[in-house]
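Consider the two complexes below, in which subunit A is the common component and subunit B and subunit C are the respective partners.
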Partner chain A sequence: MSTNQNLLQALNHLDKNLFFEEVESLIRNEPHEDIVNAYFNPGLEHTKERYEQNYIGLPEFLLSVQWLQELLNKLDLKNRTQNNKQIKIVLGVIEGDPHDMGKNIVKKLYECYGYQVIDLGKDVSQDKFVQSSQEHEADIVGISTMMSTTMEVLEKTIQRIRESRPECRIVTGGAFINAAIASNIGADKYIENAINLIPETEELLTN
Partner chain B sequence: MNTSFENELKPLERVLLAHQGKEVDRVPVCSLAVGCTRVLSGVSFEEFSRDAEKAANSIYVANRLINEDVIFSFIDLSVEAADFGQKMVYPLNSTAHPNYEDLLIKEVNDYKRLSTPNPRQSPRMSNYLEMTNKLVQYYRDFCPVVSFVYGPLGVLGMMRSYEKLYLDMLQYPDEVKVALETITHTLNEYVKAQCELGVTSVCIDTLPGSRSSIKPETWEEFEGKYVKQLADTIRESGCMVSNHGCGDSPYFREVKKWMEPELISFADLPDDCSDVNELKQIYGQDCTLMGYISTDMLFHASAAEILQESWKQIDTLGKGSKFILAPGCEYPPNKDIVNARALVLASESYNRANLNILRSLW
Partner chain C sequence: MYIVESILPEIEPAETFKSLGYSKKDKPPSAVQEIIESTLERILNNTRLLAGYDIICDFEVEPKRLHTKHASIESTHMAKIANSAQEMLIALFTLKELEDAKENNIAQEFIEHGLKAYALERAQQRMMQEIARQKNKYVSLPFSPGYCDWELTGQELIMQHLDPEALGVHIHSQTYSMLPVYSISCVSFLGYEKMENNPCKYCNIKNTCNQSRYLS
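Right after this comes the complex of A and B.
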């Protein structure tokens, strides 16, 4: 089997030893820039497809993405233009909400796809969102919430970011929101799940 | 459904007849209005979580205003984990939740260090039992009271965080199972105590049992066999077993296999049903289906929209299956109760000539 097939097999079976043996071998023998396109990106797509098609659940998805991220971190990419999109995304869970699993998945995926993520964490105040979007000159602010109790503050936060940094796109995700509600409270986009995250973000950036 | 009943049925009669698949005067309703009820009696979220009398009175007042048929005795998802020692945060404007900066299970070795609280004496679970007891006393012979227990995997998620728990389930399954055994032991005593109060049913929440979380076989391995013990205890105690799972595409098949619930409360079609007709055929004959007005909608939509959506669901699920109209999950805890009342009004007005004007308004 080729290295790439071995890598995919390791992901399919969550075989940690095989995965990292292959990774070490790649790092020693292949130009690191090539590893991104030839191994990392296909591995990520493969994992997303298997999650989308229900071959794997959230635990397997989380672990696979974690390993792939470890692979990426091991590479010495002096010229990171291949995967580096130069797009800055400020991410956080809105004030009053401590649930950050969804936000963490989004962060990992954005990082894997070369976006620069500024992670504000959970229970993030309106002021912090506004300040960070200005300070980092964010292209996108992503705000997550899993609770209905945060709706009012979410809407206010979106308004304030809009006023202070009008060129920035604002995306929301989580529970108690859908595309229509996101639009009503002033967001540019509602992204429902990890599967749609990258294509919908790319679409948002081109519009 | 029959419009020829001379007198309205009592809620208990209505629910039991509907559960037996017999004719009723109207579809029973359970609003799942819990946290939101505190506003009606001027109680804070923290008082609602910790003071049995204030919580029971809030639920009672709200229920009388809403006029629903099933009392869902629930506080919040933090009750069980708090008594295992998980530190909780009691926010002013939201429901209690774990202090995620100080989780009880910080490392894999902590799974085996869990203690086994006695639910009849530990602060939050005993407070819940006291609240449920009050509700049973208030409603005896009038309205069924359904009590609640968070499933073992859910309780563990509150003490480890779901994200870390999911990774541990793959990497340290044996350690996770030790904790699940410990938790199940306590929850078994907890459901026994609930049954002793005289509740009609105990509802086991299996939140991770859906496509939004883990694979069905993983759910069976890490929760199915544990909730079976709870379901067996509930049945042996003479109560009905109910199930609630509000994830996307819940695993009814696996839930049935391990729990054999008589009632399933749901927010989305199960993963093996492509439409409502299939849901009715496969599950709506053996089980009473309880759902599934979206909580997003209850939060954002007008009462008129809730009426229309409810009529639509009564049209489809109210015929040819055993059905209770309800939200898919807890009624939004910081929303007023108008839309909860709209659920009941939808049932009251459905096929009633004197209320047909409602249906002609939109």
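Right after this comes the complex of A and C.
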């Protein structure tokens, strides 16, 4: 069995020992830049497909993503951002909302796909979103909310980011939001779940 | 407000699978089960339930709302149940952590989040049943602000009747979110007869709503 198949098998069976044995072998024997394209990317896609097709649940998906990111962190790459992406994403949970589980999953996936994430945390003020978007020249600002009572401040925050940096795209997601609500309050995109996150982000960036 | 601190109830790992997104026929793989078992053990050993509650009998019921001396609740479903109740239980439950948060990877963080939420609900259920047992009454399904037909602004009632800060719970004045996040505010009814009216039966989000766990 080839190393790549071993790696995929290790992910399929969530066999941590096998996975990291293969990783150590790759690191010793392969050019690190090649590992990203030949092993890391296929591993990530494979994991995503299995989650998308309901072969695995969210905990398995996140565990696999975690291991793959640990693989990435072990590599000595000239450019730490995978695939040379230089896209900067400012992420945070809106003011008045302390629920950050969804935002943390989004952050992990963005990082795994090579985006640069500036994580503002939870209960983030309007000023902080605007200031960070300017300071980091963010390509995207992602705002998460789990509470319908944040709607007014969410709309205002989007408006203020828009006024200060019209070129910045704004995405939002969370329990009570849908595409229509996101559009009504001025967001460029509503992202429903982990599966849609990367394709929807890429689509947003190409439009 | 009565304040009670208690240990969490015994919880078997298998009963938590649903709270982590697994269906009845699916089981997590062994690597995930290991994380569940160790995380659950840590939560049960290092967390306590802190409950604050008040029981009132001076409330009035109308067809679509009910009134306490401090506030009104707009909820047809609650009013239906309250009709046959003698007392109203207003309660706030929170998890008190005995150790500092552990640095987790994202999978562990997700699992811990699901398990804490599940443990809190189980502890809440147990304590409400215990209160009912002591009163020799039946307890209804709990209603929480933001669920069923009760608006999240119902947190005002919780703040007026109880003292959240005394439990270490802060309720945000604009969004009504609670800190610590593992907190539940609710109203239940106590009565001499079983209060069968269960609005979850007619609810179209019962498969995703945490409250619907009380159905099983």
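The rule is short, and it goes like this: the second predicted complex is superposed on the first by the 203 of 207 C-alpha atoms of A that agree within 3 Å, B and C clash if a C-alpha of one lies under 4 Å from a C-alpha of the other, contacts with A are read in each partner's own complex, and residues count from 1 in each chain.
The criterion applied here is as follows: a contact is a pair of C-beta atoms (placed from the backbone, for glycine too) under 8 Å apart; a residue touches a chain by one contact, two chains touch by 3 or more.
None of the values given here were measured: they were computed from a predicted structure.
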**Prompt:** Once subunit A from each complex is brought into register, does subunit C clash with subunit B or fit beside it?
**Reply:** clash
**Request:** Quick one: classify A:37 as touching subunit B (first), subunit C (second), both or neither.
**Result:** neither
**Request:** Please indicate which partner A:25 is in contact with in the superposed arrangement: first for subunit B, second for subunit C, both, or neither.
**Result:** neither
**Item:** First, second, both or neither for A:108, with subunit B first and subunit C second
**Value:** second
**Asked** With the two structures laid over each other on chain A, which partner does A:178 touch: subunit B (first), subunit C (second), both, or neither?
**Response** first
**Prompt:** So, does A:148 touch the first partner subunit B, the second partner subunit C, both, or neither?
**Reply:** both
**Asked** For A:13, is the partner it touches subunit B (first), subunit C (second), both, or none of the two (neither)?
**Response** second
**Request:** Examine A:58 and indicate which partner it touches, taking first as subunit B and second as subunit C; both and neither are also allowed.
**Result:** both
**Message:** On subunit A, which stretch or stretches are contacted by subunit B in one complex as well as by subunit C in the other?
**Reply:** 14, 57-60, 62-63, 66, 96-98, 101, 104, 147-150
**Request:** Mind listing the subunit A positions that touch subunit B in their complex?
**Result:** 14, 54, 56-60, 62-63, 66, 96-98, 100-101, 104, 122, 147-151, 175-178, 181
**Request:** In the complex, go through subunit A and note every residue touching subunit C.
**Result:** 13-16, 57-60, 62-63, 65-66, 95-99, 101, 104-105, 108, 147-150, 153
**Parts of subunit C lying in touch with subunit A, wherever the complex brings them together** = 20-22, 26, 28-32, 35, 105-107, 109-111, 113, 146, 152, 172, 174-179, 181
**Item:** Residue numbers on subunit B that touch subunit A, as the complex places them
**Value:** 89, 91, 93-95, 97-98, 100, 161-163, 166-167, 169-171, 211-215, 218, 295-296, 299-300, 332-335
